[in-house]
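Next up: the structures, one after another.
The same chain A turns up in both complexes below, where it pairs with chain B and then with chain C.
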Partner chain A sequence: MVDTYILGKSELNIDSPEKISGRAMYAIDMTLPGMLQARVLRSPRAHAKILSIDTSAAKAIPGVLAVITGQDLPFLEDFPGDRPTLALDRVCYIGDAVAAVAAETLELAEQAIAAIKVEYEDLPAVFDPEVAMSEDTPVVIHPSGKGPGGKVMGNNQAHWYGAADGDLEKGFAEADLIVENRFTTGMAQCAPMEPHVALADVDIYDNCVIYCNTQTPYLVKQRVAEILKVSPHKIRVVVPPHIGGGFGCKTRIKGEGIASALSRVARKPVKLVYSREEVFADTTVKHPFVIYIKDGVKKDGTLVARSIRAILDAGAYTDGTVGGLVTRNAAYGAVGVYKVPNFKLDNFRVYTNKPVGGAFRGFGVAQTTWAVESQMDIIAERLGMDPLEVRLKNLLVDGDYNPEQYLMDAVGSRPTVERAAELIEWGKPADAPISPTAKRAKGIAIGCKHFSIQTSSAAIKVHEDGSFEVRSSVTDIGQGSRTVMAQIVAEEFKVQMSQVRVIRVDTDVTPLDTGQSGSSTTVKAGHAVRLACKETKRQLFERAATLLEAAAGDLDTAGGRVFVKGSPDRSIAIQDLFRKLPMGAPGYEYGPFLENSSDLVGGAMFYPQNERGPKGEPLPKVGFSYCSQAVDLEVDVETGRIKIHKLVSILDPGKPMNDQLAIGQIEGGVGFGIGTGILEEMSFRDGKPTNANLTDYRIPTALDVPNVDQLVFDQVETNFAYGPYGAKGIGEVVVCATSAAIANAIRSATGVRVVAMPLTQERVALAIAEYEASRV
Partner chain B sequence: MTKAEVRATINGRERELRVDPWRTLLEMLRDDMELTGTKLGCEAGECGACTVLMDGKPVVSCMSLAADADGRTIETIEGISTAEHLHPLQDEFLKLSAFQCGYCAPGMIMSSKALLEHNPHPTEREIREAIAGNLCRCTAYVGIVKAIQNVAAEGVS
Partner chain C sequence: MDYLRPQTVAEALAAIAQAGGTATVIAGGTDIIGDIKFRGLKPTALININRLEGLRYITEDASGLRIGALTNIQDLVGNPIIVKSYTALGDAGERFASLQVRNLATVAGSLGRASPGGDMAPPLMALGASVIAVSPSGEREIDLVDFFLGPRRTVLRPGELMREIRIPAPGPRSGSAYARLSYRDVLDLCIVGVASGIKLDAGNRVTSARLALGSVAPRPVRAANVEAFLLGKELTDEVIREAGNVSSQDANPISDQRASAEYRKQMMPVLTRRSLARARDAALG
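Showing the complex of A and B:
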């Protein structure tokens, strides 16, 4: 980035010094005097009626100060209103919350949980979404939502999203080749290292303070107000500045409502820390997908038609608006890269008696990308073309309308995939495998994910010493958003980073924001902070104008001084805009006041307008970022074990705000991509999780990822004029391409096309064995 | 219930504590001594966030009984630096911004410290083996491994 003062540089993450010293305070470290410990009783049944709940024995235990059930909290979250805070008359999956207790110690809370007697009557359960949506489903879990034409859909179908362009039948008729496949993806857990924590303190006026590690503080505020049936002004959500990871599963409300309700009963602070098993079973998971994709192509590789039908396994409920959004946004993974003149897509989200699908890094797009980028290789193979060539032939470019009618802008597919190809030496055969039982090859894939452009607000307070305080309700789950916000203020006021402090999120102080999700933070908070700086400057310049005898419009600021443009000697220090009372005047020793005001605070809101398609149709405002990946790997044909020799990941960040933090996202994305691509899958037996812990559910260890010199990262910039300082959202696109690149390499190496993700060792070994057997 | 007596050297100071015999070392450190730098991640020895050094060797404190610390030397993240001086590993992790959310950092740093004290010039493979019990969800371990390599190359002071 040219002409910047501090943006785009690798400024040190402002939170690192606290984190490496062990001083960093996380929600899990918070305590309050007299604090009680909470535990939740969870359903052991996949689907059952609750006949009775007897809490009398639990309540009788000395030291147990609150016991609540669903009857105490008859609240259903809207959109579509299928999920109570605690089960009402029915449980819908193993792990569903039934009752909760707060006691003086964790041991007492556990005793109380064990003393609650629940009588269940089993109901039929369904675990496969394709069975659940059929006529043959053994049970209907919730009423269906509305589908095409506004009609109520079939069994267990919660959400639908459709998109179409051109004439599909005509497209298929024109095609020289039809390629049809079915792909699946597994259920995964975000598995942040810090479990979900809520420490709630409700006073006798029902004022409630909640310390928690949420990604969406203002949503917690609204929902807890609804659960407690009090006005939102009574709810204050405080998020310690450090959060031990999120990746989606800390969006919306998790344990905060239960902790608050318990605190209101006990009138004492109540801390609820999810166990690791609860993080697996009762926070939201990555929706498993079944994706049917049918493509029509010309002999020369031109795509003429594509239809996609995706079935999302919703699990037992809907996590508020997230259910509909994942169903909708998964489509972005099918429309951001390729020109498809005749297109149709239908996504269905279907209830099953399993944990609830919600926000997960990639937000549906990682799943559709898996299918589309595997399919592109299959097309290339069927046509005898190079996979890179087929991709390049069909790319959308700036100025094209994509199949959802978005006018494409700052398209980064070509530069990222070409750079990835160059660095993996595409076209040059892979070296010989190291193991005598392995085969080796390269694979490539293009990742493209939308980033939501959402609403946010921010405020900047100017302190009497001329330093700046940033107030934003965007939480930092590790990606470094606090650092980037500080950089923007430092940039705008031309001051050192040490002159800027970002305060922790506290809904009593920090202004409204729509949450840390959808790779939205950089763009929305970036703009909100930038606009807040503009408003703060306006106020500063207005105050300085009289003193400098200049027009406010002629002023600028740098290094803590306001000066007349072109005459830097006509200047005033920002701290001199505050009024020091003369010595001896009442209050003189308390510090300077601000004339005619209490604080010098400039606030602003960023509100994106919807986009419009060519016929004026409204479209949610999004941008597209790109991350192409290429891999050189060997796979052991006997064991199915994958060894990555080189993994290249090339990101289009628009213009990066902070190089080191952007590279951090690429690194983390690769770890996430490898984990969800080859290792991680939640498994169940009759709805009972069989690996809800970090031993059996394997996220990558240091031994599961390539060596440092085998990972090659780079960025290619695109010109995204809408972004703050040209930046795009990048947190999720970095995870999208990995699994398809790996599957494509496995196919090239072995001849085996694995269509189920993750590409676990067992799955790959079985696929190779079947393939070998079929060739005999 | 009889309490267990624990006499241990914790971060260089002799301490005497009385704890419930079932209490874990992690609970004693975090709850009784307010040494919250050591983190709780899984309570099952799976994630390594609670790693501390017992007589110089890394242990997952969530799977160790507090009573087992009797007569031992315990080191936590709070004990390896002062307000003025960071441990060389901390310096290097800081310089490379090796962590993102930072929740695994204390355990990771303790495991790395034990490694370098035992094996000052580890191979990359040995580094990866030494921290394989410390899960990081944010970074793919790139900066973490590099930082340990850099400190090993310079020699631990």
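Showing the complex of A and C:
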């Protein structure tokens, strides 16, 4: 980034000193006087009618101050409204919340939970989405949503999204080769280090303060108001500046409604901390996908037709708008990279009696990318072409309309994949494997993730000492958004970072934001803060103009002073706009006050312009960021174990706001990509989670991700004119390509194409054994 | 819950006797504390023996190795005696959980937990180890082969404490190794573990073979068929390969949350071969 004062530079993350010294306080650390502890009773049945709930024994335990069931909170989540806060007359998965208690101690709360008697009558259950959506499903869990043509869909089909372009049949007829495959992805958990926490405090007027670690504070405010049936102005959501990770599973309401309802009964603060098991099974998970992909290609590698049919395992409910959005947004993973003149895509989200699919870093795109980028290698192999060459031949470029009718802009696929190829020395065979039982090869894949361009607002307050306070409801789940917002203010006012303070999210003070999801934060909050700075400057210059005897339009600011452009000696310190006022008694003063005003706050909202396709059709406003990855690995052909020798990750961040934070996203994304790519998969037996803990669900440790000397990253900047200062959203794209790059390398090394991810060593070893047996 | 921290073995035995069989003894506590906090274990008394004097040692004499019951796993790591002559045990120590856990968990405690996938049992069984148990009525020596009854169950009687683990001197041309498979290099429980302890004559023929398998049966088991197959044979690559195949007859693993039966079955020969090859290298090295 050129011509900037501070943006783009690797300014220290403003939260690092506290975090590194162990002083950072998280929601989980909070206590309030008289605070009670909450526990939730969860269903042991995959699908059952609730015949009766008897809470009398629990209520009778001394020290148990609140016991609630679904009858106390008959509120259904929005879109499509299938999920109650606590079960009403039915449970739909093992872990479904049935009742909740608040007691003086955790032990008492657990005792109370154990004393609640629930009579169930089992209903048939279904766990496989392809069975659930068929005529033969043993059970229909919820009414179906609407599909193509507005018609109600078949069994258990909650959501549908379709896209089409050209003439698919004609495309396949023109093709020299048809390649058809079925890919699957497993269920994963975001597994943030800090579990979900909600500490609610409802007073006798029903004013409710909730301290929580959500990614969507204003949505929590709205939902809790609906659950408590009070006006939203009574709800105040406070989010500590430090959150122990999110990655998606802290979007929308989780334990906040239950904690608030308990607190209203007890009229005491109630803290609900999810156990690790609850985080796994009872928040939201990554939708498992089954993806059928059929491609038609010419002999020279040109894609002429592609059809995709994806089935998303929804689990038992819909996490509000997220269900429909994942179904929709998964499509972006199929359209952002390649030109496909004849295209059709249908995504179906299907209910099963399992944990609820929700937001998860990658938001459906990681799953689609896995299939598409595996498929591109298969096509190359069938045509006897180089996988990189086939990719480069079909790339969308700036000015193309993609298969979903987006006009492509700032396309970063070519520069990122070419740089990745260069750094992995594509075309040069891999070195010999280290282990005598291993085979070694390279693989490559292009990741492309849309970042949704959402709405946000921000306010900047100028303090009497000339420093700046940023008010935004953007929560920082580790991505560094607080630092970037401070950096934008420092840039706009040409001051040091130490002159800017970002206050914690508090919906009584910080203005509306739509939440941290879809890699949206940098763009929307970046714009909102930039616009708020503009408005603040306007007010500042107006005040200074009189004093400087200049037109407001001729003023500028830097280093805490406002000055006349071209005459820097005609200036005033910002703090001098705040004046002490005489008290009457000589020597005594009030202030400093801002004359004729309470304070100097500039607020603004950013609302993106609508996007339109070539025929004027409205489209959700998004941008596309790119991250290509290449890997050099060896596979132990006996054990299936993968050892990564080198992983190259090349990001197109538009213009990075903070170079070091962008690199942090690449590094973290590699760990995340490897975790979900080769290690992490939730497993079930008859709907019961069997590894809902960090012993058996293996997230990567520092030793399981490539060392600094094995991880090669770089950034290739594109010019994204619509981004604030040219920036793109990058939080998710960095995880999208990893698993396909690994699978492509495994195929290259061993001859085995694994079509199910994660590529666990068991899955790889069994596939190799089967392949070897078939060759005998 | 009563919490007691005796200073001597006699005090500990008295405390256990007084608690009347419902006491839980902890040393490192790395497993039991989890049971209490997360898995509903509610002992009436917790007797912490980690301060008992004189039970943390690794000593070798002509008869073999003695490991005090309070020796922790990290004490094994890099110990020159163990590295040189009891390699399988060192292998297991290095891969055990994490450094933090290794610094707390004890060798005897790991045996006492009788986890089917515990990493201490297979190497110690392959080395022919025994446990010295002490009770108010005296001491007895229990061969590890007879020690485990099933998950969380051993032949230790109520009121008995482990005092020492003994490993007979392996002698010349002996070697041992522990091959262990997990998904992660650290902090991951074993999917299949195979420990081999072998002795070769001048012609590289196997004169003694002990192999023990972990995570493939309800308790750690000796691979009797592999042992019988090896005895008297020259330990060539081909023999090692065949021994791997024979291992399939020595256990019938199940599927659980960590691995499928199919994968475990496929891995038993692989790890048996790897363990034997490294034990041979140790014997000849």
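Keep in mind that, in the parts below, the second predicted complex is superposed on the first by the 768 of 776 C-alpha atoms of A that agree within 3 Å, B and C clash if a C-alpha of one lies under 4 Å from a C-alpha of the other, contacts with A are read in each partner's own complex, and residues count from 1 in each chain.
The rule we apply is simple: a residue touches a chain if its C-beta (ideal position, glycine included) is under 8 Å from a C-beta of that chain, and two chains touch if they have at least 3 such contacts.
Note that this is a predicted model, so its numbers are computed, not measured.
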item	value
First (chain B), second (chain C), both or neither touched by A:I674	first
Partner chain(s) touched by A:K19 [first = chain B, second = chain C, both, neither]	first
Which superposed partner A:Q609 touches (first chain B, second chain C, both, neither)	neither
Touching partner for A:S598 - first (chain B), second (chain C), both, neither	neither
First (chain B), second (chain C), both or neither touched by A:E194	first
Partner chain(s) touched by A:T701 [first = chain B, second = chain C, both, neither]	both
If touched residues of chain A are counted for chain B and for chain C, the larger one	B
Those residues of chain A which chain B touches in one complex and chain C touches in the other	695, 700-701, 703
Residues of chain A touching chain C in the complex	638-639, 641, 679, 683, 690-691, 695-696, 698, 700-701, 703-704, 760-762, 765-766, 769
Residue ranges of chain A in contact with chain B within the complex	12-13, 15-26, 28-29, 190-195, 242-245, 247, 273, 275-276, 477-480, 660-661, 664, 667-668, 670-672, 674, 693-695, 699-703, 705, 707-708, 711
Chain A partner contacts - residues on chain B that touch it in the complex	30, 36-44, 46-47, 49, 76-78, 81, 86, 90, 93-94, 97, 99-106, 109, 124, 127-129, 131-146, 149
Residue numbers on chain C that touch chain A, as the complex places them	181, 183-189, 256-260, 262-263, 266-267, 270
